[in-house]
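Just so it is clear, A, B, C, D and E label the chains in written order, and each chain counts residues from 1 on its own.
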């Protein structure tokens, strides 16, 4: 890699993905190019069905692009997946109902062969982080939707992956809890230097969290705007009332509206 | 209390209906017997009676109604006749006696249990194969369905003869037939169960780069538990039927199937009914036990 | 001791008393034989068991054995403990049936599973169709018991003198309510309950010797049973695994069976054989066998055994 | 012996071919989806033929498929007669009566909780009655002809169908039911517009299970008494006559008829419950 | 009723509702009193599990309060339900999968015995309203989540009920679509003079839509604040940037935060 610039963690070049369905093929991604640098917090925003999830899944090696190139940590996405390069938080919590919350968080640790003692200390640590320490022994259905979502975030944080892929992790939460978790996530990100790719529907959330906002538009899914945020890394909640914030939010909203106009 | 009231009511209604039906079912033979004993019955020709509706016979010969409940070879035995026979063949006989239904029940039960173990084991293995191999999925499933359209009673004797000729006798042939009947519901249920995890649950493990074995043990198997138990319940009842069916041609005529056969052979309807009732009780107990295991397992898994 | 596996034609009952007695009384042991008597059942075809190697010897009726032989299964009758046929038709008298000519338009219960040949041959000799209708008889595949008669679903049913006929009487029917047609009396009797083995096995001298001893001991059993019917019935009862047989029933059956075996020393009577073959060949458009069988029986074993 | 090895070789080869096809690029084509099971079935037949010939299995134990096919062809009229007697008269009428009665009963049971709590446990009990015991009784009651076979079938299919339909009628979600309540809908609208449509996948489950049960029941009941025709009659008589080729010809008829019956019901299911997740894609 | 004031459409007085569960009873509503006047647009906001849905269900006669009195259109809630006094939009779309979109919208019309012709014209009309005219013949699973939600709104609008009960109808939608539907809903409300009770998690949405905002707090669920909105009935989208709007939003946020503090 060129010694001049920092090597990107995730690098997509003219990515295409077409789903073959029974009737017409669906062009989920078309000519998507994007570099994500180490320590970036990138938000993806765009109308429903524009390919946000699909793009995240490509990075995770869960979907195979039909065109273009994609590298993750310098490897192919599939190799990166095998190397357990990332933690993934799905759009829904997706906890296994037959495991307790602790058991769910332990799942990846068991699979990756962590020692028993290590497993326990890590579970305790991440439970602390998402404020569920008292609930480790409970089963998922004994928790409210928001708590489940937090558990699923803890599950993705329990093992050491430099990359965190999060697909609308806070979609099901009410505004207050959401604000709180946003703060927490920012803090975690600042502390651990992870690279985060984050899908959301909420413009304020995207602006508040990200160093880079990617606006997408559908049919076929493509990137219509990439906005670099000038906000500082330190972000109190009331930064949302500053003119810079409102200015970026406005630009994002405009980008989104343009995408919708196609319909 | 509230739980039992409806069941008791239905059982009572069944018994009432049963008692009410008995005279109509048994009237013809009863009248013939009474006539032989010297009673005057109308009409007095057996052939006319054969062609007369039972209802008319009961009405015209109402004096014969009590006798219909005490027939030796009834077309429909009265409940108390069955109960009495059950009492005599279970409680009053030593359980090692060949005349004890407990003895015969045990013979059938042992074949059932062995067959059930073989059948479920095979069924689960087949389901695992079907879920993991596309080739198996596509080729085996249609034939598994077709296999269930083969009348088992027709090939049971042949299976027994073939196994006999390679020196396998006794419990095993019966168990194999019983397994043949119980494997299918298990296959169907387990294929459904092992496929129950949704794409997201599978993707999660993919992000961990889990092995096939890990996917099986940590996801597919636990997710299939409710389905497994549902099919085990059907499977165990099928295994019992299989064991009974296998007793017909197995020779020796031991077991509940043997009782039904010999009962039929000597026209002992009461004996058939006793064996039937015991078979149903056995099935109910087995299903109950599986239900218990189910509740315990699912509870430990936090699924209830 | 040499092992012999014997496949019976039906469930354990006094019909097979000779073999149980021989085993119980140690007659087989005296001949240095270890005999395994395997009960049959409604769906066990003894010939099939024999062909599959599941048994060394079997009991069968000659018509079904000859038919199997024509189907390519070379079985040979080596002894014939039953001299007389016990098969008969039992009809209600009040139906007005007095002779075979009255069967037309009636419903008759018949055992199948290879036991139908005597009936079919008889009917074709009488020129009565078995396909139903005015001029023929409607045939029912009779189940295991005599209920079709008792419940008047059939006008006549097949019975054995030693078993089902007694059951009809046990049900309270008196003999003068019934008309019976013994195949023996109708001149269409066929040989029942003979002893059969696979032809190829007879080429082996050791097997042959075993069979000689087996037949000898079995006949000793039969003669003992004839003389001690009540004891024989008890022995049968002990061997009954179903626990469904009763003493009275088996004792009566033994007495009737004794009448059928009485005339035989085990050797097949060639005249009876020829009569059976003639009956079967005479079967009109669809005879049970199409050509005179060759080598379907041998007297070698009984000659040796009865020396 | 050569034939035996040939059989084993053929088995392996065909299995590899099938694996190829199933994992190949055209695996989702309709033709391939039909081809794979067909290859599997033909392989079984070929292996069977080779083994029977190679090991010299006597015809009276197991006939070769070629013999069965020949008999099937020669005995077509008899097979057709038996099929009508057993399948059309016995199995089909019993199936229609049994499933129909169970369906109506299920609606009653669903309506009256008392019945549900009383009848279902007892029903489970009755469902465990083995055909071996019920068939002789029903033959005695309903005579030797197809009526008794239909009765056996009714007894066999009634409870599987009842249990499935009842489960189906309860399959609606709380929200779907609440929606009906917001419309102030009474019993009948919510039955016809909600519970019955929602029950359809379960009803079809019951109908599918019942197809094989019906056929087996009708055939097996003939073992306990029958007129001189019918598939069960022919099977048991032919076993006694050592005509195993005829036995297998009847079994082939049973398998064909059973699979076709199942297939037709499955097709009806596909077209009527197209909306259910298990039928999509 | 007192002749002096306008009679409330919905009137709750010290409503209590306790669920009997296996372990402890759950106090879902405690001493809830509220009057909703004809033509009101009332939003309910509060943390997850505070009893919003439960209260709406009480009004709809789907849940029976264990204490207090509740009248709807002057009748008991159950009578009002039988009189088909309201349309209800559930938190999830809940379309019947065996009916097409048109069929689903027709469902209440069939049950209420509208004529065939009337049914068809009404279906066409509401499909137009939610911009799904081209999708009447499709089945629910062929539509995206947002479209399904719109169809379920159409279903509640198809028949003439003066009251509309809506439980987070726009939860699953992205911001742009949501804005659009908010506008449409306001327009409909202004045009038809319906009385609307509306549950939401979004503060801006609550403020933008309502004449009255009810803030609730959990364990047990009770009303902590009722805010009457001074905003005019005519509300362009950019009213959200006015100081009045921000002021009300602030008050709502404070109320919510207070509720959360109990946790």
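The definition used in the following text is that a residue touches a chain if its C-beta (ideal position, glycine included) is under 8 Å from a C-beta of that chain, and two chains touch if they have at least 3 such contacts.
Just so we're clear, the structure is a prediction, and the values are computed from it rather than from any experiment.
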Can you tell me which chain is nearest the middle of the complex, judged by mean CA position? D
If I rank B-C and D-E by number of C-beta contact pairs, which comes first? B-C
How many angstrom between the C-alpha centroids of chain D and chain A? 50
Centroid from C-alpha atoms only, then distance chain C to chain E, rounded to Å. What do you get? 86
Separation of mean Cα positions, chain E and chain B [Å, integer]: 54
Quick one: report the Å distance separating chain A from chain C, using the average Cα coordinate of each chain. 84
Contacts with 2+ other chains: residues of chain B: 75, 153, 157-158, 161-162, 165, 248, 261, 264
Multi-partner residues of chain E (at least 2 other chains): none
Multi-partner residues of chain D (each touching 2 or more other chains): 61, 136, 140, 223-224, 236, 239
Spell out all pairs of chains that touch, sorted by label. A-B, A-E, B-C, B-D, C-D, D-E
Chain B residues within the chain D interface of the complex: 3, 5-11, 14, 25, 75-76, 133-135, 137-143, 145-155, 157-158, 161-162, 165, 237, 240-241, 244-245, 248, 257, 260-261, 264, 269, 272-273, 275-276, 279-284, 287
So in the complex, which bits of chain D are touching chain B? 15, 18-19, 21-23, 27, 33, 36-37, 39-41, 44, 61-62, 114-119, 121-122, 124-134, 136-137, 140-141, 212, 215-216, 219-220, 223-224, 231-232, 235-236, 239, 244, 247, 250-251, 254-255, 257-259, 261-262
Interface with chain A, chain B side, in the complex: residues 200-201, 203-210, 214, 218-219, 222-223, 225, 301-303
Contact footprint of chain D on chain E as seen in their complex: 57, 60-62, 81-84, 86-88, 90, 92, 94, 96-99, 107-108, 110-112, 139, 141
Which stretch or stretches of chain A touch chain E in the complex? 47-49, 144-146, 173-177, 201-203, 253, 256-257, 260
